[in-house]
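Below are two complexes that have chain A in common, paired first with chain B and then with chain C.
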Partner chain A sequence: MRRTACLSAFSAVLLSCGILTGCGSSGGSGAGASVELLNVSYDPTRELYQDFNTAFAKYWKEKSGQEVTVRQSHGGSGKQARGVIDGLEADVVTLALAYDIDAIAEKSKLVAPDWRVRLPHNSAPYTSTIVFLVRKGNPKKLHDWTDLVQPGIEVITPNPKTSGGARWNYLAVWGWMLKKELGDLSKLKDPAQADAVKQAQDKAREFVAALYHNVPVLDSGARASTTTFTQRGIGDVLLAWENEAFLCLNEPGGELIEMVVPSATILAEPPVALVDGVVDRRGTRAVAQAYLEYLYSPEGQRIAAKHYYRPVEPDKADPKDAARFPAVNLFTIDEAFTGWSEAQKTHFSDGGVFDQIYKPGK
Partner chain B sequence: MSGASRMSLSPATTPGAARDPLWLRVLLIAVTLLFLGLFLLLPLVSVFYEALRGGVRLYLASLVDSDALTAVRLTLLTAVIAVPCNLVFGLAAAWALAKFEFRGKAVLITLIDLPFAVSPVVSGLVFVLLFGAGGWFGPWLTAHHLHIIFAVPGIVLATMFVTFPFVARELIPLMQEQGSEEEQAALVLGAGGWSTFWRVTLPNIKWALLYGVILCNARAMGEFGAVSVVSGHIRGRTNTMPLHVEILYNEYNFQAAFAVASLLALLALVTLAAKELVEWRARVDMRSAAGTAAGEEK
Partner chain C sequence: MRQPFKQHSVIPGFGVTLGFTVFYLSLLVLIPLSALFLKTATMGWSSFWSVVTDPRVVASYKLTFGASLAGALINAVFGFIVAWTLVRYSFPGKRLVDAMVDLPFALPTAVSGIALTTIYSRNGWVGCWLESAGIHAAFTPLGVGIALTFIGLPFVVRTLQPAIADLDPEYEEAAASLGAGRVQVFLKVIFPGLLPALLTGFALAFARALGEYGSVVFISGNMPMRTEITPLLIISKLEQYDYAGATAIAVVMLVASFAILLAINAIQWRHVRRINGRG
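Our next item is the complex of A and B:
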């Protein structure tokens, strides 16, 4: 009898899994009258893509007669890339930084290695930057990066290991110090300046260590950090995406905070890519490609600017929206760190600089 | 762990409590009430307050939102599969462990407790390592277009794993206590295997079984950690209710987040009510059984 019960339990499990697998695998196939895409994205793009997906569905319906539903998955950029590598069936990825898409290309071969040149502007249809959010009236007088390392200042930033925004934050500080010390970032590539560069790098390392010393909690994603700062009221300053900062100012509680733009910060280029392995399997290449290209269209650029992403083709955006972006002194990751793979290897890999300087709970 | 053992404690403690001075009793009761109010009642009230703050119409609108409905449906589906499976398994395991002697029994009992001991996040990761694209069965699953991780089966599997011990844990002590004499008597009197089970074993354990099922169900619907790891968080597809609450909260949609949370809170209240009912019925049953036994002795 015991055997019968065990057996029936086991077969029930198998049966139910079988039925569900059937349900799970349907819903793909680009040939029919309706199609579903999955856009795996990073944290602060929720509102942007909600808006954009509606616009795209309308455009695609007019163009091809096909109904398209775009599903969204959001989370820390690194975590999302990990998900795609582990089998999350994304047709397109729209992540916070190029390295995460490189990781997908390298580890799972689902994305072609040359993905960055397949779309205009390094495959980044919009850019952003890193700014400060402080409490109303700026009570701690935080105006530039140097102010953040003072003793007793609490800085909120997510974990660079899991969050793309956090990596931009980290590189913004580091790059700012290099720029301050060297004056001109082109000296980094000049062998004659090796000593000065070494000195500047040491200073930057010391400064970043001091800054992370002031971080009381590392959340896993940008949105979690924002909630920590705005909803839970922890910390004196939040290092945030510019778009996220604008969004906070417009949310309930936004009247209690204000935005501060530091003297120099990094140009963040969140890239997008087609996941070749998935679109070919599901037969969704045409619609997924059109989806990404539509980001560069006047409508796509207008929606990006509306949601506080800096459009790469500003003339397509609503001038009123474009005027909201403050003038910022920006440097790129290629100038300060010779690209993402270099920055990732030196700073964020296991045992890299971040691991060496960040000691939790101190 | 079982309801029966807890019930037998209460009559023994009552006479001692009556002897304590009045001020001590009042103090203890006040502290308990304060604690309950602060840590249980207040959060519960705040969930409903936040959910209804924008008015009943907004509350209902956020519940009939298509993503919210999908989340509710997925949560129910998960529970409908996971709970019966664990019911059958728990019954089988408790039966095997309580009524038979065999080697490795202690190991088996420990194994059943494993999901309680392991962090839910680890339970989720285990399934990613097994069924993920780079996992043991990943390449085979991909080749056959089967989806487990980041799809409904993964969520069901993770939930089953986490809620695995509830029924078995509830039944094992009770069945061990009861022994197998009654079943042996039934067999000697000529009853078959199934009729022994339906007429002797099941009536003896029905309340504990129901209690286990209620707890199992509550956890299955409320599980966050393990499910979060295997879900992929696809809105309107692989979001269960707890995950949907988190998403809404992260989108600054607090009112809707609390509306869905209030459904989970309601579920908790229903669970508690059902649990009370079951315990009360079990007590009534026991008392009447004791009554008839005493009557027969006279």
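Our next item is the complex of A and C:
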């Protein structure tokens, strides 16, 4: 019997050794005739980057003679960021919100903390905004945010706690109210206006609560909400990213809906960043940097506009594509909320404003 | 007399296989789970308590455990009938029906979720009928129950099938010839013989339902306090990079599920001992 125990312990140890020694050092490629990059992105950019990667491979081949293959990974923005934090070897990240890249910088130190200023336009080579999709003919006459809090109107938007995209929707509503009340968002930083600001914030909070009381379903992601609205026929209005809204209009069933642009809405800036820790280890810094910079080139901007993202330098896009974007009165998250980390803390953290809206007894 | 620790068998190698079992279980189950506990330990007791007793989290426990229990109970009853029919009778298309039972296993959960939502939502095939009867299925706790019933079915049917096949119809005939009525035959002969398998199937379906995420998030509507399941709250904590908070809820789920499974197993052991007349 003792022999048995010894034997079993021994074989267990032996097996673990075999497994553990398996994970020695690996990695370290880069220079050479071919190179591979991993772009970790969020869901709706799949088609955009498919196009862009082909264009970039051609450009890089001409420029350096190197074959570059860019692999793509798509998923919810927050989930993708956690993947990178937990060791997914992304050379570049192209996510839905700055908060997720900040989290990578903070938790894993793989991205330098000053990443936002390393590329032009806050590291957002393309932008979008939040618009309404309504049923054809706009039967409920929904033209601006105030129309959405009318009793009986059903608003479809995903859960901001689980969907990064949905946080832009929420902030668009809040920011619009601030802008409406204050007229000028720079008053937010003016100590002399503290009372007015307080009032505007209270109004915004009331308004956002009223709007979310009109939400019958909080899907976990943006695409799920789109399905709820377009396929299930639930809701009178869907809050959507403009690029997604355009896609819906062009899909089968698109003739049954139309787009409405509210009087003011938020400028959604999906940012991109180089993952320093990974590119230095893999020796891919040069090509990864060129990849991100190419997003700002005329070709990169053209492709972004083609896929319904607003190019940050519109003159570089195909005029036909650029003309599709309606003129919108936009404000940025920095103006209305002093940046993502503030917005996240106040509104979406546990016990934050969004949770309070749903506290029982309301 | 005490039974010897090691029983002689035709196939040798008890030591090596036990060692392998211990190692394999540690690698697959114990190490990941202990990481869960370690991560939770990074937060203090009071913050742990405030996370796991938050009203919203408590509401989600109620929904998750309640709907899982309901789903498993429904499956125990109707899965029993399905398994019985498939084993005892032969009819045209039986193999097809048999294969269909496994579909909830094989489908990616997101696909089942989308399919169920399509059918049960307001403009779906079933949903429109329910709606006219005043019942809302999709985006209510009922929808969660439907999804959890759907994914649990194969567990009950597949564990019961071999047990029913093993049940010799001669016992039933013998009981009937000795004057037992139909109900008596079922309660005294068939049911006790199948109870262990039924309990196993029930426990598996229940456990599977507790952890289900993919299919439920589509049909539940994820409304705070009303239709949020616990796994969704874990995900929403992770979205805020609150790893400790997420694992705290996970630990509660884990401990509760383990206790329930252990209790079901205990009932089963007692039952088997009684049937075998030992102990």
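Assorted remarks:
In this section, the second predicted complex is superposed on the first by the 328 of 362 C-alpha atoms of A that agree within 3 Å, B and C clash if a C-alpha of one lies under 4 Å from a C-alpha of the other, contacts with A are read in each partner's own complex, and residues count from 1 in each chain.
Heads up, the rule we're going with is that a contact is a pair of C-beta atoms (placed from the backbone, for glycine too) under 8 Å apart; a residue touches a chain by one contact, two chains touch by 3 or more.
Predicted, not measured: the structure shown is a model, and the values here were computed from it.
With both structures placed on the common chain, the touch criterion links A:Gly87 to chain B but leaves chain C unconnected.
Of the two partner chains, chain B is the only one touched by A:Glu47; chain C is not.
Of the two partner chains placed by the overlay, only chain B lies in contact with A:Arg71; chain C stays clear of it. In the superposition on chain A, A:Ser186 makes contact with neither chain B nor chain C.
Of the two partner chains, chain B is the only one touched by A:Ser108; chain C is not. In the superposed pair of complexes, A:Ala224 makes contact with chain B and with chain C alike. Residues 1, 5-6, 8-9, 12, 16, 85, 107, 224, 227 of chain A are contacted both by chain B in one complex and by chain C in the other.
Chain B meets chain A in the complex at residues 81, 84-85, 88-89, 91-92, 95-96, 100, 128, 131-135, 138, 142, 145-153, 156-157, 160, 193-194, 197, 232-237, 247, 249-252.
Of all residues in chain A, only 1, 3-12, 15-16, 19, 76, 78-79, 82, 85, 103, 107, 159, 161-162, 164, 216-220, 224, 227-228, 231-234, 344, 348-350, 355, 358-360 touch chain C in the complex they form.
Those residues of chain A that touch chain B in the shared complex are 1-2, 5-6, 8-9, 12-13, 16-17, 20-21, 23-25, 38, 43, 46-47, 71-75, 83, 85-89, 107-108, 223-224, 227, 247, 251-252, 281. By the touch criterion given at the top, residues 5-6, 14-16, 18-20, 22-23, 26-27, 51, 54-56, 114, 117-118, 121-124, 138-139, 217-218, 221-225, 232, 235-242, 245 of chain C touch chain A in their complex.
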